[in-house]
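Here the structure is laid out as structure tokens; the discussion comes afterwards.
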Amino acid sequence: METLDFRFDSAPVSRAANPALCGVVGSGNLEILVKAGDEPTACAVRIKTSARGFGETWRAVLGSFAAAHAAGGTAIAINDMGATPAVVSLRLAQALADYQGGAQ
Amino acid sequence: MNSALTTRHSWFEATARRRLVGLLDAGSFREILPPAEAQPSPHLAQLDLPGAFDDGVVVGCGRLAEKTVFVAAQEGQFMGGAVGEIHGAKIVGLLRRAVQEKPAAVLLLIDSGGVRLHEANAGLIAISEIMRAVLDARAAGVPVIALVGGSCGAFGGMGIVAKLCSAILISEEGRLALSGPEVIETVMGVEEFDSKDRALVWRITGGKHRYLMGDCALLVDDDIAAFRAGAAEFLAGPTESAPSLGQLRARQQVLENRLAAYATYRDGLQVWAALGVAEPESVPLLDRDSLVALKEGLPT
Amino acid sequence: MNLNDILDRLFPAGHAVDVANSVITGQAQTAQGTVAVLGTTDAAAIDHAMALALADFILDTVEQQPGRPLVFLVDTCGQALSRSQELLCLNGSLAHLASCVDLARRQGHPSLSLVTANAVSGGFLSFGLMADQAYALADAQVRVMDLRAMARVTKIAHERLVELAATSPIFAPGAESYVRMGGIEAIWPTASAELLEAALLAARQAMPATDQRLGCGLNRGGRQLAAGIAQAVQHAGLGA
């Protein structure tokens, strides 16, 4: 298992009272937990992943997400069991939406 | 009954969290030890595997038909819903809490192959603790109801736990047994049990068979709303009675009688025929309501 | 050591047990009075017939011998692997047996189990681990699954499992792991009447027995998380 840490600048989202969880840690899948973070204009991400050696892919997918969506002011934790970039992006969007929508 | 306005939401396909949303009264669920306050299993990390924040089981409190219930929902998609140290401890804690707080019921949404091999000893002891805790909750007057309908079914130690519960609600998709067909095939050979013969697997371990044999109290459609309705029906029913010698003697007799009658059988078809079903081959094709009507019409 | 040797050592004052279909049922004398002796032998693969025979004997004891201690002797390779057994819901018969052990406890019968040779998975869950306390003889094999089979199923290299098993009781087969994790109270260097008498006395004094294994696993360091988590769930405040 590999642990990866990233930090991206991102447009701020309003701080939500409740964290949001999306997804399950099944084969080809991942879970994403979004909590309020320390820096309003940055998004901190920690990933634990079963697939080693994909650091640059994660950087690209997450970086692209943080640039295109408002995710600043969050701390994101991911447990991944080999999800594809498409699934990762989808879950990130769902998790952020849940976080902002106050769902959960 | 599904009206034209309601869509069926498959219990089988749903995640544990999705099942809880549909099972409980809207907005009533309060999770205990939510993911944001939890760490994944260090034992899995040591084996180089990512864990889950909830270690594969969601526990908490909510309402069903306005009655307070405690719930534990296993996530079958994570490690086969199997029980590890943290997972097991969450369930035990919930059952012990039930002895103190006496909710209307504890609902165990079982979706598990049993002991998590990666934490084998912790899992086995945890399941033993769950077994004791289920019996303690029941002895304290709190019904413990198992809901079985996920992809992992209720196997291994969780199959034993299911049968310790006050009642089991099962869907046609659900399976309830002890050893997995694959294990039996690996050790005893394909002649003994062809685990790839899905129809056979369901005739031996599936919801319809268990319901017809009386091992599950209620058969429901593979629909979250149907599980909700079934559970509500139970909550409205008779209260949990204290464990007694008389009850266990009666159970002993039932089990001895059916062992004597069916010991040589190898297929659900044979059992159903012996129960008085006129066309056993039709059972797998019947819808839920037809099967329930069939069972109710059988000689006792 | 065969069953008779074990019985002679545990019950020098006398014992009278039947063995039928690998199921042991009977009585024995101890300094504290007569005890029921029951269980399995010959690494029995527990099936409906065995589970029901044991359950029946427990119910007879509860009905006819108020307060008589139950001494379980455990030697099982696990559950029977059979299509016919699964057809009739083997997990149900094992649950029934477990319920009977629990009833005996509630009706004031102290209990203990002793693993004499093998204790595996479902076979162990159904009665050995349901007793108030479990013990094991020094050469007993206690496990869920052997490491080679575990490697096949988990797809983790056997060598890696062996390496970790050396230091972690979490999945390492062996009675020592179970002692550290709180599942087994102690290992007996040999079957002895002294150890049995002490265990019986402890069982009596602990009545009505509550499940102390979480705390035990924490104190002994084998399960460092479970007790705290169960406590946390039990006592967590629920937000509005």
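First chain written, first letter: the chains are A, B and C, and each begins at residue 1.
Operating definition for what follows: a residue touches a chain if its C-beta (ideal position, glycine included) is under 8 Å from a C-beta of that chain, and two chains touch if they have at least 3 such contacts.
All of these numbers come straight from a predicted model, not from anything done at the bench.
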Going by the touch rule set out above, what shape does the chain contact graph take here: line, ring, star, complete or other? line
If chain centres are mean C-alpha positions, then the most distant from subunit B is chain A
Mind checking the centre-to-centre distance between subunit A and subunit B? Centres are C-alpha means, answer in whole Å. 33
Length of the line joining the C-alpha centres of subunit B and subunit C, rounded to whole Å: 24
Subunit A and subunit C: spacing of chain centres that average the CA atoms, whole Å: 46
Given the complex with subunit C, which residues does subunit B contribute to the contact? 30, 32-33, 42-43, 46-47, 59-61, 85-86, 88-90, 92-94, 96-97, 100, 115, 117-129, 131-133, 135-136, 139, 154, 156-157, 159-164, 176-179, 181, 183-184, 187-188, 192-193, 204-205, 209-210, 213, 215, 243-245, 248-249, 251-252, 255-256, 258-259, 262-268, 271
Touching subunit B in the complex, subunit A uses residues 1, 19, 21, 24-26, 29, 31, 33, 35, 48-50, 77, 79-81
Which residues, counting only subunit B, touch subunit A once they are in their complex? 15-17, 34-36, 40, 45, 48-53, 75, 77-78
Can you list the residues on subunit C that touch subunit B in the complex? 48-49, 52, 55-56, 59, 62-63, 79, 81-96, 98-100, 102-103, 106-107, 121-122, 124-126, 129-130, 143-145, 150, 153-154, 156, 160, 164, 168-173, 177-178, 181-183, 211, 213-214, 217, 223, 225-227, 229-236, 238-239
